[in-house]
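Heads up, the next two complexes both have subunit A, just with different partners, subunit B and then subunit C.
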Partner chain A sequence: MTREEILGKLRGIMGRTSQAKVDWSRVNEQSSIASLGIDSLAMLDLMYDLQQEFGIEFEPQDVVNVSTVGDLAAFIEGRMGA
Partner chain B sequence: MEKRRVVVTGMGMVTPLGLDESSVCARLFGGQGGIRRITSFDPATFKSKNGAEIDPEALAAALTAFELKPSDRATDMALAASGHALKQAGLLPAGPGTPGEDTAVLIGSGSGPSHAVTESWKAYAAQGARGVRPTTVPRCMLNVLSSQVSIRFGLKGPNYVLVAACSSSTMALGIGYRMILHGYARRVLCGGSDSMFTAPLYTGWDNLGVMSRSPDPDKACRPFDAGRDGFVLGEGAGAVVLESLEEARSRGARIRAEIHGYGETSDATHITRPSVEGQAAAMTAALRSAQMAPGDIDFVNAHGTATKANDVCEAEAIRGVFGSEADRVFVVSSKSFFGHLLGAAGIVETLSAILCLEAGRLHANLNLDQPDPMCNVRLVGRESQAIPLRTCMKNSFGFGGGNAVMILGQYKE
Partner chain C sequence: MRRIRYLVEYCFVRLLLFLLDRLPLSFCARLANGAADIAFRLHASRRRIAIDNILVSGITADRREAERIARASFRHFARLVAESLKSDAYFSRHPWTECVDWRISPELQQILDDPSRGLILACGHLGNWEIAAQLLSHRKPVVGITRPMNNPYVNRLMQARKPRNRFELTPKHDANMARLVSALKEGKVLAIMIDQHARDRGMMIDFFGRPAATHTAIALLHLVTRTPLCFGACVETAPMQFRFHASGPLRFEPTGDKQQDIRRILEHLTRELETAIRAHPEQYMWGHRRWRDVKPAPPSGTPALR
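Moving on to the complex of A and B:
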C-alpha cells in the first residue's frame, strides 16, 4: 500500500470519527491531528479503526508521539512493513 | 457557612414536545401531548405500544449546531440540553478564564447510556470479541453523561452522575442547590437524561406490568384519573444552570426562577412499591428546608405517573402534609404530556413548572375525565388554567424508594 493510499484511507476513517467540520480533501501530511476534531474519545475509536482497517496491532502508548497525519501514516506504514 | 439565594439562569430541554421553549410552551398550554405509537422499533409484539419519543432529526440538528456527532441517545440528549442551558445563561463559549469555566456538572439518570450498552450487546452477539470496540468502556460508563458535558463545554467544576431511578434528576437539582447554597460551587449545571427505547430494554418495562396498554396514544396516560392503567414511557433530557443571586446579578444574567428548598428521604420498604410515609417525609423536609408552610405553596407538580399505586399513594401523602391546605393547592402532573422520562422526569417537569410560574398558568392534567375519588387532592382539569402563581413543590419518587422534593418559585427582588 502506497503512502498516498494510506493517506486516502486515513482521511475517510478520520472523517467518520471527527466532531468538526473539516474539508478532508485539504488534509495533508502536515495537518495536525488535534486540529481535525479528534477528541480523546474519538482518538480511542480511531486507534481501533486503524487496526481493523490496516490489519495491524498496536497499543495506545505506541502512538503518543504521533501529532500529524503524516506521523500517523508513517507509523502505519512501518507497522504494515514489519 | 453563609447561606446564599440560589437562582436559575439558563434552561435547556430535549423533550417529546420539542427542543425549544416556544414549541414546548405552545404544546404544554395548548393541551397537545407528546405520546404516539413507538417508532424507535416495531412495538407490534409488545403489550404497551405507545411512547413519548423525541424527534431524532431535531436532536441531530441540535448536535450539529454544537459541532457534535451522535454517540449514545442519552449522552446526546444530555449534551444538547446542557448546551442550550449554558447558551441561554450566557456562559458559552466557556473557555479558560470565562465565568462558564467554573461550573460543576451534575446529571441524573436512571439507566445512563443504555443505547450504547445495547449496541455493545448486539456487537458481541453478532461478531464476538472482535466486534466490541474499546470505546465501549468510556461510552458505557454511567458518568459518560456528565463527563462528556464537562469536556465538550470546558466546564472544570466537579462532574458526576446521580443514579436514583425516577428521582435522579431532582436529586441532581437538590445537590446542586446545596452546593451553591453553602458555597461549595460557584455555578452548577444540573440536568437529567434517559432513554430506554431499544427493544431489549423496553421488553423489561413491558413485562413489569406498570405501563398503560391503551391502544389510543392520546388517551394512554391519565394521571389521577379513575380509568388510568399505568404510565407511558418517554425519553428526554433537561438542564438548568444554578448560581447564587449575587453571581447572577454580577453577570447581568436573566433570572428565570429561584430554588427555595430541597428534601429527600428513602422509603426503606419495597423495591418498586411507593410509601406514603416516605413521600410525605420528603415533602415535609423540603418545606422545612425552604422555611415554608403548606400555605406558602401554590401548586404541586406531582410525580403523577398514572400508575394505580403511585397516584393514590402520592395524593394521600400530599393530603397528609398539606392538611386542609390540600383543598386549595392545585396538583398537576406533566407526565400526561411528556410521558415518564425516568431519570430525566424531575428536571423536565421542573422546567415545565418554571414555564407555568412564568406564564401564570397551569397546564392541564390531560385525560382527567373522571378524577379518582381515592385521590383526594385539588386537581387541575383537562384545560390549562390561568392563576397567580408564586411557588411550586416538585415531587419525584423512584424505584428503590428514593424520594426527592424541590421547592421553587418566581424570583422576586
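Moving on to the complex of A and C:
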C-alpha cells in the first residue's frame, strides 16, 4: 500500500471518528491530529479502526502521542512493512 | 457570593474531619446514619430519585420497600464517606488483610500478583468503592478517574486527605488516553465506574431493562490494548469488613464490527453489575440519576418513562 493510499484511508477513518466539521479533502501530512477533532476518546476509536482496517498489531502507546497525520501514516507504513 | 458559600462549606468539612479523627469508628458510623436520616428527610428531590430508581429497576414493586432500601442506601453512602475518611488511621492499626475476603479466580489472582500485567477493573457505585481501591492497591497500583468537587477548597482538602498507598486519582478532565494506556502498560489496575451517565457520547445500554447512556471507553480500552478485563465489587459485610468479589478475567476479541464489540462488552459488564446490586440493593447509590429520561413515579408507585 502506498503512502497516498494510507493517507486516503486515514482521511476516511478519521472522518468517521471525528465529530468536528473538517474539509477532509484538504487534510494533509502536516495536519495536526488534535486540530481534526480527534480527542482522547476518539483516539481510542481511531486505534480500533487502524488495527482492523490495516490489519496491524501495535502498542497503543506508540500511537497516542503521534501529533500529525503524516506521523501516523509513517507509523502505519512502518508497521505494514515490518 | 459563591466564594463565601465555598468557604462556609470548607469550614463545615474541616469541623467534620476534626470530629471524625477524634471519635471512634462505631460512633462515627452512628453519626453518619443520623446524618443520612436527616438528609433523607430533607433532601426531597434526591430521595425521590432514589425511590424512583429502585422502582424502575424492578428490585421491588412495593413503594414502602423501595423507601426502606433508599433510606438504607443513604445510610450506607454516609457510612462509606465516614469509613473512607477514617480508613487510613484504621488500616494503620488493623492489618488490611484481615479486613477483606477476596473472592477472585486463580487466574485473576495471578494477574494481580504479576507486577508486569495491567488489569481493567469495571465497577459501579456499589459497596465501598473507595476502600476497594485502597485494599486493591496493596496488591497492585490502582489508577482511578474522579470528577473534582465543585468546591475547590473542599476538593483540595479531600485530595490531600485521601489515603493513597498506591492509589492514584486522575481528574476526569485530565484523563487522557496516553495516561490511561501507560498505566495499563505499567502493570497497574485501571478502575472505571460503568454506571455514570455518559451524556451524548455514550452508548445506550439496558440497565435493569431501561436504556442508560453508558461510557464506551472501558470497552475500547480492552479491545485496543487487549488488557484483561474484570468486573469487581467490594461489599461491606460488617463494620470495616469487606468481601471483594471479581469475575473474570474476561477477554473479548475484536471482530471488526466496532459498535457490536463495544455493545457486547458493555452489556456483559452491566449484567454483572445488576447481579451484584440485586444481591446488595442497600449498598447501591440509588440517589444518582442513571436514567436521565425517567419521570418521577406516580403516586401509585408505577414508574413511568417519558
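The criterion applied here is as follows: the second predicted complex is superposed on the first by the 80 of 82 C-alpha atoms of A that agree within 3 Å, B and C clash if a C-alpha of one lies under 4 Å from a C-alpha of the other, contacts with A are read in each partner's own complex, and residues count from 1 in each chain.
The rule is simple: a residue touches a chain if its C-beta (ideal position, glycine included) is under 8 Å from a C-beta of that chain, and two chains touch if they have at least 3 such contacts.
Just so it is clear, the structure is predicted and the values come from calculations on it, not from any experiment.
On the shared subunit subunit A, the superposed partners subunit B and subunit C overlap sterically.
After overlaying the two complexes on the shared chain, residue contacts for A:E59 are found with subunit C alone; subunit B is out of touch.
When the shared chain is aligned, subunit B comes close enough to touch A:G37, but subunit C does not. Shared-chain residue A:K21: touches subunit B; no touch with subunit C. In the superposition on chain A, the residues of subunit A contacted by subunit B and by subunit C overlap at 40-41, 44-45, 47-48. Put simply, subunit A touches subunit B in their complex at residues 18-21, 37, 39-41, 44-45, 47-48. Here subunit A touches subunit C in the complex through residues 40-41, 43-45, 47-49, 51-52, 59-61, 64-65, going by the rule given at the top. Chain contact summary for the complex, subunit C toward subunit A: residues 175-178, 181-182, 185, 201, 216-217, 220-221, 223-225, 254, 256, 258, 261. Every residue of subunit B that touches subunit A in the complex is listed here, in rising order: 67-69, 71, 133-135, 138-139, 148, 151.
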